[in-house]
Structures are given as C-alpha cells and as structure tokens.
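Before anything else, here is the set of structures, which you'll find just below.
In what comes next, subunit A is part of two complexes: it sits with subunit B in the first one and with subunit C in the second one.
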Partner chain A sequence: MNQELHFTPSPRTRLLLRLLAGVGVLSLLAGAALAPERAWGSLFMASYALVCLGLSGTFFIALTYACGASWAVALRRIPEAMSAVMPFGAVGVAAVLLFRPSLYPWTHEAAAHELSGFKAAWLNWPFFLARAAVYFAVWLLFTRLIVRTSRAQDRDGDPAHTFRNTKLSVAFLPLFAVTFSMASVDWIMSLEPEWYSTIFGVYTFSGLFSSGLAVIILLAIWMRRTGPLRDFVTEEHLHDLGKLLFAFATFWMYIWFSQYMLIWYANMTEETVHFIARQRSFWLPLLVLNVILNWGIPFLALLPKFTKRTPSTLAKVAAVVIAGRWLDLYMMVQPTVTAGAITFPWIELGVMAGAGALVVVVFLRAFRQAPETPVRDPYLTESLHYHN
Partner chain B sequence: MARVYSVFARPLIQGDKRLAQVTEDVCRPMERRPGPWWWAAFTASSALLLLGMSAITYQIATGVGTWGLNTTVGWAFDITNFVFWIGIGHAGTLISAILYLFRQRWRTSVNRSAEAMTLFAVMCAGLFPVIHMGRPWLAYWIFPYPNTRGSLWINFRSPLAWDAFAISTYFIISALFWYVGLIPDLATIRDRGKPGFRQRLAALFSLGWDGSYRTWNRYEMAYLLLAGLATPLVVSVHTIVSWDFAVAVIPGWHATIFPPYFVAGAIFSGLAMVLTLMIIARKTMGLEDYITVRHIERLCKLIIATGGMVGLAYLTEFFMAQYSGNRYEQFVFLNRAMGPFAWAYWTMVSCNVLAPQLLWFRKIRTNLAVVFLLSLLINVGMWFERFVIIVTSLHRDYLPSSWAGYSPTVIEVATLLGSFGLFFTMFLLFCRVLPVIAMGEVKGVLSYGRKHGEGHP
Partner chain C sequence: MSRLLLVGVFEKEDDILSVTRAAKDQGLSIVDVYAPYAVHGLERALGLKASKISVVCLLAGIAGAVLKLWFEVWASTFDWPVDVGGKPWNSLPAFVPMTFEVMVLFAGVATVTALFIATGLRPGRKPKAVVPGVTDDRFALVIEETDAAFDLPAVHRLLEEHNAVLIEERVEETEAP
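Moving on to the complex of A and B:
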C-alpha cells in the first residue's frame, strides 16, 4: 500500500500536464493583451467549472452518505480528492467578481437596464460579493468537515465517523440546493440582467452533476488502470457509475428541454432574448451540438450493458460529456461576453485546458494524502463485494 | 452468489420468517372472511362512490353549469382534482420502478400495494378531464385518427392532447408492470390447492407459470424492461400535466421550473398517500413484520427529500417573481399570500413545507400515529397546492373589472368525495382478492442482513 501512496503519473502524462498548463497560462496572458473581455470571461468560465467540479465531488459523497449507499465507498477517495479543486476555482471566481465586475452589465449600466425595486436591491455589488462569500464559506466548510471525518476513520475505524458524516451530509444537501440555486442566478443569470427563468438553478445543477460523474468515471478508470485502485474499483462500480451518468445526462436533457420548450412556446420577449442570442447564425449548430454531446451520445452509447462495463468505452463517453460541459458553459457565458459575436474560441479552450491540468495536479496531490480507499469504513467490505 | 453485508445491515423482514410462512402470512388475510372493520370501511367508501356517481350523472345530464366556474375562473375544482389524483399515482411508480432500478431491496414490502394505488389513482384522475370536456360521450375525439368529421384533427400542439397520450400510455404500462409482477404470486395462489373460483382465476392468469429457472430469468428481464419504460413515463406524465399550465402566458402558471417541481410534488403527495394506506393496512392485516417501522421511516425520509424539492420550488418561484421585475408576476405571488385565497396558500405552506420538517426527528418518524397524521396533512396540503396554482392565478387577471371569486358547488364537492369513494373501494377490493405484498420478491430478500445459518430462509 505504501508504494501506491507514492503514486506518480507516467513521464508522458507529466509532460502532457505541463503542456496543458503552459497552454492555459499562455492563452490567458495572450488573451489579456489581445482581448481582455474574453480573457476575463474565460477565466470566469474555467473558475466556475472548477468550483462546480469540486462541488460535484462533495455532492456525490454527501448523496451516498445520505442514502446509506454502500456501493460507492470503495471509490470515495476520488470525489474526496476532486473536491480539493474547489478553493482554486473560488479564487478565480473571486478575482473576476472583485476585479472585473464590468463582466456584469448591471454593475455599470444600471440605468440602461432599468433595474428597480427588488432587483436593484438584489443586484447590488457589495451585497453580491457578500453572498458569494457566504456560498463559498458553506461549501468549503462542509467539504472540509466531511473529508476530514472520512479520513479520521482511516485511523481509528470508529463507525461513529460514518454517522457523523451522514448527519453532515444531510445538513449539507438542502444548504447546497439553496446556495447553488442562488449562485447560479447571481453569477450566470445576471450576466443578462433582463432575463429570468425559474428552472435555471436546476439546469446548472444538472450540468454540474452529470459532468462531475463523467470526471469521477475518468479518474476512477485512470486510477484503476495505473494501479492505486486496481484492487478496489471493479466493473460493478463502473457499471453503476455508467448508469448514473446515463440517468443524469438524461436529466440534463429533460431540464434543458423543459426550459427551451416553455420559453419557445410562450414566446415572451423578456424570456426569448436568452435563446435568440444563442441560435443566431453560428450559435445554432453549437446549440444542437450541445444537446448531442451532453445527451445524444451518452444516451445512445450507455443504453446497452456492455458499454458501461467496458472501461475504454465508458471513458470515451465520459470524455464526450466533459467536452459537452465546456460547450454548455460556453453557451451560457460567451454570448454575454462578446455581445453575440462569434469568434474561434482559442482563449476559452486554452484556459479551460489549463484548468484541466490544474484539476489533475490538485486531484493527485489530494489523492496521495490519504489511503487510496477508505480502509476502515464499515461499508467497505460490502462495497468491495458489490454485485449489480 | 453469496452477498457480503456490512455490520449495519439488518434484516428487512422481521420475525425470522421461513419461505412458507411468507406465503401463509400474505395469503391469510385474503382467504379468511372480511372482518367488521373491512365491512365498515367498504360500506363508507362505496357510499361515497355512490354519492359521486349520482353527482356525475346529474352534472352530465344538466351540464357543467352546475359547477361554480365563471368566465374568469374557467378551471378550478375539476382540474385541481385531476392533478391531485394523477400525482398520487406517481409514488407507486417511484417505489415499484425507480427504486427497483436503484436496487432498493426494501421496496419489496410495499411495491405491490403502492402500484395498485397508482392504478386506482389514475382511474380517479381520468374521471375529471372526461367530465370537464362537457360532452363526455365525445371523449374519443381526443384520439387522432382519420375520421369523417370533416377530417377534424386534435391540436397536436396542445399539452391537453399530450396529456391524453401520456396518461393512457402510463396507465397501460403501469397495469402491465403490475400484472407481470403478480404472475409468480398468482401461481403461488394456484398451487396452494384451495379449490374455488379464486384458484381457477389464478390458474388462468398465472399463464402456466412453472417456476423453472428459465421462466424466472425471462420474468426478471421483462420486469427490468418494464421498470425502465415506466420510469421515463412517470416523469413525462406529470411533466405534461405541468405544461398544461406552464405553456400559457398567465402569470403564476408560466414558470420554467414547473416540470421538475410538479414531478417532485407528485411523488411527495403519493408517498404521503402510501403512508396513509400502509399504516392502516399493516395493522389491520397483521403485516407488521413485513411493513416494518423501518419501512415507514424510509418512506418518511423520501418525503423529506421530495418535500424539500417542493419547498425549494416555492421559494424559487417567489424569488424569481420579485427578481424578474415583472409586475404581474409580482402581483400574483403577493395576491396568493395576502389576497382572498391567502387561507388556501397558508394551508398549503403549513402542510407541505412546515409540517414535514417534523420528520427530521427519528422519534417522530417512528411514532406511527404522528406519521399518519402528517401523511393526512400532506395530502391536504398537496390538494391545496393545485387549488392555489389554478385558482389564484386565474381569479384576478390583467383586467381588474373582470376579477372574480370562486367557490365550489355541492355537486363539485360531491364529485371529489366520489373520487375518494372510488379510490378506497378499489383499494379495499384489491386487499381482498390479491396478495398485497409481493411474496415472490419478499422471499428473495428474506436472507438480507441475516447471519449465515440463522433462521431458515
């Protein structure tokens, strides 16, 4: 086990990570010089993606504790280590909110957007920042408490840690639901101050969780192939993760369609503005591609049983969903950054590639800090012998 | 293959049952003569059914003018009842299909009766749109087929037409799913060798079940596929019901969150109805070892989860009405909380959001009297939720001169009572003629959490 603790990626992987990190930094710097609006926008997208990824790790752990789901215990260290990327995303989001508030039109063109009454009070910069601080405090605090309790169990094997974490998880889930819905409105919906849609929080959550599952799947397959989880993560676990990805990709589609169809059907100006900006000219093929990547491909590919149990196939589908996640975020944010103009997204892709490298590095560092599986979790044997 | 359980695993079924005992316990209540309580309940519910049938006959003969509707409030009691009943049905499919896909083995004790409840609730629901059409003898016009009515087609863009497709498909698949699950148990009744009408019917409907490995294998596959089909169907049904409102541009109806919000609310209300029925059934039929307090607790936890989603949707709607800056939206929500129907709104909030919070405490979850009371409150609250959404959004529209009130007539109340009569009459009959617990499935989970060699499953 000790040898596994010192797991380091292969030289080729390390080179790739350095390359990606370099691409990220260069894109950000070049973007800052050439198109500062887009550089800030892409920094926001990447940071938001990291925050969501970290949150999806915490959410996955909390959900399994709350449900008493034993099957996922063997691979719990993966979402635990994933949640370590949240602070890095938080720094990025904070940087954007503090130093580039002009990303949000209501901060500088309040008069043009006729903000009045409740909205004017809600979209108010100091209050906006204070809310963001509260969200981060809740998310980081619970993540830290849950991960720490899980690791404390490695030392003494006391089942009381399981009960404590169940309580923490059950408290976290409703708090997460409320804070994340509010954060979605604050950070993304208010990019278009006139637009509103009540389902939006559910929509961003569906993207958060289906892409989070895709990342868990990729990391689980990687850690299984390269060693640390070879004896812990079985095809049965991958099968279940695949089923969840299938379900939540479909959930994403359900929410996407509900939002689109109802706005299309009612055809009210204040609502359609969002989709009109996203299906003009070259945006239309992207809108269609978004649906194909996030739902079409995973739905068709994961319908049969064997694809969920074949690591190489499952990994490819997960990669498609992650690409879809990037596009989904791009569709949410970019039209507001470039006022609808479409350009080849080299800055946005480059910065996200750098963020990807950061995820892997932070994940590996966090993963190495504890045994690769919760060795003394009372549910571990049940998880290792899990059979679909 | 032998399963390994954690130290926390406890048997799902109490009383160290043997296989034969399960059959005996489940079949006993339906093979003996019904007791006085059953007769009392049956008399009461069939009286209600009779009342409802008289009311329906009267209103069809007279016309929908017998209702309290007016030009401003064009939908009220009938659609409220429709949405209420269709929602009740959803918990049955959650338990029988969705929890099956999630491999929740505790569901085996409640899935049969919950799914029966689904079927009866859908029947009650179907009643209302048919009466609402005004000329129920032309109800078949909802089905699109080449016809001689000047080639008159339905409006395919109307969610009301989608409703007809979704609900009829849902009913068919639910009935099939329920029947497929019944087949092994029907074979058990057939093989118990108590000759009579029941045995002959069971023999016919068990389709020559022989209990061989291959039969079970095919059965499991059919069951899995039907569960996979029922899951998207149940979501689609309440999604489309929500679209009946959300596609409109009426403030209070048009909200993009309606689909997931309605689905969560439907399951929430249905779980409450499952609890209402199960708490009585386990007691009167002596099934406490099968539907244990832990089963009740798990249903309560699902209620907290789905109730939480509903609460979040209430908050989101209220917040977004303010945030949108749309004065009509703002008015509708303030009018709900402070207008003439504020009593209905606050009934809804107290029953659906406040009352279920008590279930966070184990002491309350294990106190069946309190859980029973809460389940009734949630049923009331969810009925009022639909009433609030429908009536408060309509009664004060854009033009203050056309504002109106609404109160139900005796006929409408009698129809609602009649639907309860239909529901309970069907359920009481079901308890008499079919095994209320899926024996074949319960036998499969008997060994769960038992130490090896303990008991003799």
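Moving on to the complex of A and C:
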C-alpha cells in the first residue's frame, strides 16, 4: 500500500499536463494583451468551474454520509482530493470580483439599468464582496472539517468519526443549497442585472453535480487502471456512478427546460432578454449543442446497463459531459462579456485547458496525502463487497 | 409423464448462493431457486439472462411519446387551432411536458403489464410455494433428474455439504404448470 501512496503519473501524462498548463497560461496572457475583457471573462469561467468542482466533491461526500450510502466509501478519497481544488478557484473568483468589477454592468452603469429598489440595494459592491467572503468561508470550513475527520479515522478507526461526519454533512447540505444558490445569482445572474430566473440556483447546481460526477468517474477509472484503486473500485461502483450521472444529466435537462419553458411561455421582457441573446445567429446551434452534450448523449449512451459497467465507454460519456459543462458555462457568461458578439473561443478554451491541468495536479497532490481508500472506515468492507 | 425433483432447503443466504454455483458447475439441471427476498448475485449464480422487460419499457415509452406528440401537433395545428398568448400553432416547448407525462404513463403501465403476463400473475392464481418456509426464512433449490446419468446419492451429498436442513424427493406431473 505504501508504494501506491507514491503514485506518479506516467511521463506522457506529465508532459500532457505541462503542455495544457502552458496553453492555459499563454492563452490568459495573450488574451490579457489582445482582448482583456475576454481574458477576465475566461478567468472567471475557469475559476467558477474549479470552485464548483471542489464543491461537487464536498457535496458528494456529504450526500453519501447523510444518507448512509456505504457503497461509495471505497472511492471516497477521490471526491475528498477533488475538494482540494476549491481554494484555487476561490482565488480566481476573488481576483475577478476585486480587480475587475466592471465585468458586472451594475457596478459602473447602474443608472442605465433601471433596477428595482431591492435589487439596487442588494447589488452594491462592498455587500457583494462580503457575501462572497461568507460563501467561501462556509464552503472551505465544512470541506476542511469533513476531510480532516475522514482522515483522522485512518489512524484510530473510531466509528465516532463517522457519526461526526454525518452530523457535519447534514448541517452542510442545507447551507450549501442556500449559499451556492445565492453565489450563482450574485456572480452569474447579475452579469445581466435586469434578468430574473427563480430556478437559476437549481440550474447551476444541476450542472455542478453532473459535471462533478463526470470528473469523479474519470478520476476513478484512471486511478483504477493505473493502480492505486485497482483492488478497491469495482465495476459495481462504476455502475452506480454511471447511474448517478445518467440521473443528474436528466435532472440538468429537466431544470434547463423548466427555466426555458416558463420564460418562453410568459414572454416577459425582463426574462426573455437572457434567451434572446442566446438564440441569435451562431448562439442558436450552440444552445442546441449544449442540450445534446449535457443530456442527449449521456441519456442515450447510459440507458443500457453494459455501458455503465464498461470503463472505456463510461469514461467517454463522462468526457462528453465535461465538454458540455464548458459549453454550459460559456453560454451563461460569454454573451454578457462580448455583448452578444461571437468569436472563436480560443482564450476561453485555452484557459479552461489550463484549469483542467491544475485540477489533475492538485488532485494528485491531495490524493497522495492519505491512504488511497478510507482504510479503517467501518463501512469499507460493505463497500468492497457491494453488489448492484 | 412425470419427473423426479429434488428439493434442498437451506437456512442461509451464503449456502443457497454456494450450492447454486456448485450445482451449476456440475451441470445439474436447476428448475428454480426460491428465496424470501431478492438475493444479490443469485441471478449470476443461476446464469440467468438479462430480463427483456426493459425493452418493453423503452418501446412503450417511445410509442407514448410519438403518439402524444403527433396528437398535440394534429389537434392544435390542423384540427382546432387556438390562439394562446399569440404563440404559433405549432409550439414545441408547450407540447414537451404532456409528451413526457404520456411517455411515462405508457412505459409504466406497459412494464407492469408485461411483468404480470411474463410471470403469469393474474387474479385467482393459486400460490405455489415449494416449501412453506420460502416466504419467510428458508431458501430452496429445486433440481430435476434429467437422465440416467443422474447420480442421486451424489446430489444428496452435494446438498448436505452446503448445510441443507431438509432434502425431499418429489415426483411431479410435468403437465402441471
């Protein structure tokens, strides 16, 4: 087991990671010189994606503790290590909020946007920053506490740690629902200050969790193939992760359509503005592609049983969902950055590629800090013998 | 015609799983296994093929969705157009929720119906428990004597090795369902 702790990726993987990181840094620098607005927008998109990825790790752990899901214990170190990504995303989001508030139209042209009394009061910069600080404090605190308790159990095997983490998880889940909903409204919905969508928090959550599951699946398959989790993650675990991905891809579609149909049906100017900007010219095929990548392909591909149990197929579907995640964020943010103009997204793709390399590096570092599976969790045996 | 059945009764999940695997390995003809609940891994030990019921569910779902979509387009565009909020007659987003509901209805009802037909569950059917305990706390394996090479004492020994609490030989008329 100790040898596995020092798992390092193959030279080819390391070269690929360096290349991706280089692409990310270069895209950001070149973007900053050529199109600063888009560079800041892409930095925000990538940082927000990292925050969501970290949160999806914590959310996955909290969910399994809260409902006593013993099956996921064997692979719990993967979401634990993923949650280490969150601080890096937090730094990026903080940089955008602090140094580029002009990304948010209400900070500098409030008069042009006739906001209602409450909205005008809610959207003021100091309060906006204070709220962001509170969200990050809650997320980082709970992530740290839950991961620390899980790792403390490796040393003494005391079931009290399981009870403590269950309590922490039950406290975290409603807090997460409220804070993440508000953070999405603050950071993304307010890019279009007039726009209202009461389901927006649920929509961003659905994207967070389906893409988070896709990343958990890819990392689990990788760690299974290259060694550390070879004896711990079975086809049964992959089958269940596949079922969850299938369910949450469909949940994403359900929420996407709920938002779209109500806005389309009511046809109110302050609501339709969002979709009108995303149906013009080239945005329309992207809007359709978004639905295909995030729901169409995963839904059809994961319908039969064998695709969820075949690692290579499951990994391909997960990759499609991750591509869909990028497009989903791009559709949310980009039309507000470029005022509806469409350009080839080389900055946005490049920065996200760099963020992907960062995720892998941070994940591996965090993954190596503890045994590859919660060795003394009372539910580990049950998880290893899990059968669908 | 009649056939000889050998019924082995077991008390533990592990025993029924291991005896089923062993009987399968020896090429014995297993008529069925009875258990008070769904035993994980039993379908694999028995070598059962995947159920076709999911195919029924898929096809019925597609049929429901297509029929409902066709009906909505026909009703609101061709047969009786009604102006709702100035929307075009043929407004797909408005049709989606009902299409989804009817798809679920068709798929659900068809799946349950197919299950009842496939398992022969119908009103007035007499329950047939191989031994009374299988609805409570016993597991039963039923093996059929297939040909002259069937070694009865060896099968008895096999069942005993896996902690059978009761072994019964029965003669059954094969015409009975």
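Here, the second predicted complex is superposed on the first by the 387 of 388 C-alpha atoms of A that agree within 3 Å, B and C clash if a C-alpha of one lies under 4 Å from a C-alpha of the other, contacts with A are read in each partner's own complex, and residues count from 1 in each chain.
Throughout what follows, a contact is a pair of C-beta atoms (placed from the backbone, for glycine too) under 8 Å apart; a residue touches a chain by one contact, two chains touch by 3 or more.
No experiment lies behind these values; they were computed from the predicted model shown.
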Following the superposition defined at the top, how do subunit B and subunit C come out on subunit A, clash or fit?
clash
Which partner chains sit in contact with A:167 here, subunit B, subunit C, both or neither? Use first/second/both/neither.
neither
Applying the touch criterion given at the start, work out whether A:387 contacts subunit B, subunit C, both or neither, answering first, second, both or neither.
both
Partner chain in contact with A:365 - subunit B first, subunit C second, else both or neither
neither
Identify the partner contact of A:122: answer first if only subunit B is touched, second if only subunit C is, both if each is, neither if none is.
first
Could you say whether A:270 touches subunit B, subunit C, both of them, or neither, answering first, second, both or neither?
first
In the superposed arrangement, does A:305 touch subunit B (first), subunit C (second), both or neither?
second
If you tally the residues of subunit A touched by each partner, is the higher count for subunit B or for subunit C?
B
Those residues of subunit A which subunit B touches in one complex and subunit C touches in the other
261, 265, 387-388
Flag every residue of subunit A that touches subunit C in the complex, lowest number first.
257, 260-261, 264-265, 267, 303, 305, 387-388
Please output the residues of subunit B touching subunit A within their complex, sorted ascending.
1, 3-9, 101, 103, 232, 235, 239, 243, 246-249, 254-260, 308-309, 312-313, 315-317, 319-320, 322-326, 330
Considering the complex alone, what residue numbers of subunit C touch subunit A?
40-41, 50, 58, 85-86, 93-94, 96-97
Please name which positions on subunit A make contact with subunit B in the complex.
68, 70, 114-119, 122, 159, 174, 177-178, 181, 185, 196-202, 243, 250, 254-255, 258-259, 261-263, 265-266, 268, 270, 378-379, 381-382, 384-385, 387-388
